[in-house]
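Please read through the structure below; I'll follow up with questions.
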């Protein structure tokens, strides 16, 4: 069992850190809003620290799961940042969905200090985090991955090394791009069926096994028919992620016409107050003029 | 076992009629190009007739599977058409993907003649037809459906009555709409991954079980990476189907922004010579400028 | 001065027929709702008839300006239709915005009867019709055009033969396609400026002379800022016209990605009750979530 | 007559600085590639300096016209940068098309040093710069604008203060957004007309005065028909500008669906080698599959 630190106890980080502790690791947590760190310790044991640096001190594996690129830099760099506390030879596993650029930048900075940095964004949502069955997409060095993978397993159902530094983030981008167009298509299909007066439960049942089938159809089709979105993966996060994808696409030259368009549709969902709605809420733009 | 007729021995109709005969029914076929009818008889037995009317004569169940609305009217109506040959009390099962309008029009015309008309478009593609595992989406009257369903089962893995006349076609439209946006999203994701230099087999493997997963990703992801499209559901058929969806949407008021856009992208695939390519060929527009 | 007939006294036809009569021609009108025909006669003189056929009888030039393809066929063909009343050697000038197909179909039917058919859709709107300064885009035979042009001049500031039958309609399609994308771009620009807190009168004044300038910016910019749309060219007409363009594009292979998308946005304007709003109302979709 | 400096002698800056000198001002230029500065001095007189700081020394009005935000920061800040050389009370006029953010950032930095900063992007293109008839859109303080305007007039046909710092850039953004949708609509219209076999010179002549008319139609319509793009405003610049607009829209909440889509179409033009082609080259994507 290893000495670990976990920085960022949000919707995802809180249960992920919990799984590490429950798996027998010795976890020290840090959270900007300290009340959450205290709650975590009272629920799972382990301990908490007043800064990322102090949490990271002496840990073999240090995890982070914060909001975006800027958040990352602010918990990693500077006096009280993770890097300041970490030992040579330790491994930093970043579970934030962020840019490949920031991953490579932090990988290089870590390397200079003798630390291994793995970008390791996850998919599977809040439920996946709570049930410890996330998919973890890693980028970085093989040896660091080999050491970290058994620890990551505490909250993962699948954990793969996708390639060199940044590849975890790039894989997550592919994931998000696929979802944007898919959910818009699904929204148009479901809304069309509703407007056509079809019994949509029956329709979804019949078509979900075939060429139109998808995870989203099976897991969101019914709630879309009912215009229910108060759960799932928030539109605000989706827009942040699509922003990262669109930015990266300027560098690698991949065109994203429908993704760019759907990103603008998501902006309309936000305007309608849907910041925290599930990504399937695109259908709201079709259901209500 | 029933006396059946089958009109239209194309990629789909040929094996579908074959399954009926193999299931023990007594099938008479008609095909415009008679050579295909002769080949069918030599392969499956049964018999062929020189006109739809003569093929339909005396049959309890008459199937059709031709191209589009106009084709349908031309094999159904007029002197040598199916209606001219059919007996009162018989059931006409149309497996063509066509408009809900033509379905309702033919349903009414059939009713006047004491014939039951069921619109019964299918999904599952050429492979589904050959293996007799199509999904059949029906619209029409319950009693006619109840009589026809056991016969249809010869080539179906699932056969459901979706509602009144036209509902089969409307269900198929929902299916096609869902596919258009989904495949474009998938194309953008896969192409992005390729341009990012990721090992796409690994990526597809990791993400296909999660929220981005789909039948298309599992069954077309790898061939998309390799730019292979000489199989599957043809772009020409897809454009015909999306045309039907867009037309219907004017009536029911469902908006289809991305479907309309992707339909135009498919027009570009056609311009590149992709008329017979699989629908996953949308990625070609991204892979090659 | 010539003997004329005018079929269809709507927003456009009523003043157009008025200009013909005021120019000294002898005009007999027909309108489905006869009250409008009576009102017209009391305002302009001339006479009215109870059917298109009777209005057309003895006229050298017969004009029509109705809604769409179906309307056209219903006032032209059949017992009481225009064709039934027209003399050999007379000229039919159709000012309806309709398909090139129906133009060619009616041109051929007219030719068989010794009548010349000119498709002659107009632009310039209600104001252009009232002030007699429409732009008339003609398709048909040179000799018929040469005879008709001086008469058409009564309500035109420009009247050109664009080519063979159908070319007038095709030219009008080019016009409408250009407008759709332009107005959407303008909407996005104006709305952006409003959201950015700019003094939009000043902005429009500065940029309208340069590379972003357009008739729409000069004539609709200010009203768009104020969200005023109760005038101008109705969204319902625009959707009819874009439907014609999209249909024609299937034949000539011209791709219309943004036109197809904007057509769907117009469907949303309709859903918001904007059927009679000016085409510039696309901005409403951006101004209000 | 005033002592001036001009930093950045590119396609735009070179002739703009020339007009200042020709108007009687005393201009010192700086260009990174010094050969251009020497050529400029030999053509117009004035003098050149080895760094932006030295060029700016003693000048009452300092102009800059470089590429983008990063370029701006690099010529303004640091040891040899413009700020380092400028006197208290002098005015900095930046003609680069850049973000409103960088304008406000530099405005604030300048203010701290007692310098007035005016963001003053231009429109009118290379021809406008050469003929001294640019439109200049300014953001900043009234008094600084009042002092600078008569000097700017040397290369402007119109120069307006649009509002506080950043407003010049925001106005330019409105301009670029309007162009993107407009040019795509125009491309679809012109290409449709070509595919329909119309005589496009005639068509453009007829419709350019009406509701579809625009600067682009009048100035680019004919060259679009001929697929000629080796002139005008480069696609690379357009993408830079649209990137700025899309970035700003995240802050002000203005949605840009078609602008975002057209930006992706421009990426395809770049892929086809059109980096330096005029913005009207969008039609190439339609003309060639």
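First chain written, first letter: the chains are A, B, C and D, and each begins at residue 1.
Note that in this section a contact is a pair of C-beta atoms (placed from the backbone, for glycine too) under 8 Å apart; a residue touches a chain by one contact, two chains touch by 3 or more.
Keep in mind the model is a prediction, meaning the values are calculated, not measured.
Listing every chain that touches chain B and chain D alike gives A, C.
Contact tally for A-B versus B-C: the pair with more C-beta pairs in contact is A-B.
When chain centres are defined as mean Cα coordinates, D lies farthest from chain B. Here the C-alpha atoms of chain C line up with those of chain D after a rotation of 180°, rounded in steps of 5.
Each chain gets a centre from the mean of its Cα atoms; for chain B and chain C, those two points are 40 Å apart.
Taken residue by residue, chain B touches two or more other chains at 249, 253, 255-257, 261, 268, 271, whereas all remaining positions touch fewer. Judged by the touch criterion defined above, the protein chains are all mutually in contact, each touching every other. Chain D meets chain A in the complex at residues 243, 246, 249-250, 253, 255-257, 260-261, 263-265, 267-268, 271. Interface of chain C with chain D (complex): residues 100, 123-125, 135, 137, 158, 160, 162-163, 167, 170-171, 173-199, 202-203, 206-207, 209-217, 219, 233, 245, 248-249, 252-259, 261-262, 286. Contacts from chain C toward chain A in the complex involve residues 261, 268, 271-272, 289.
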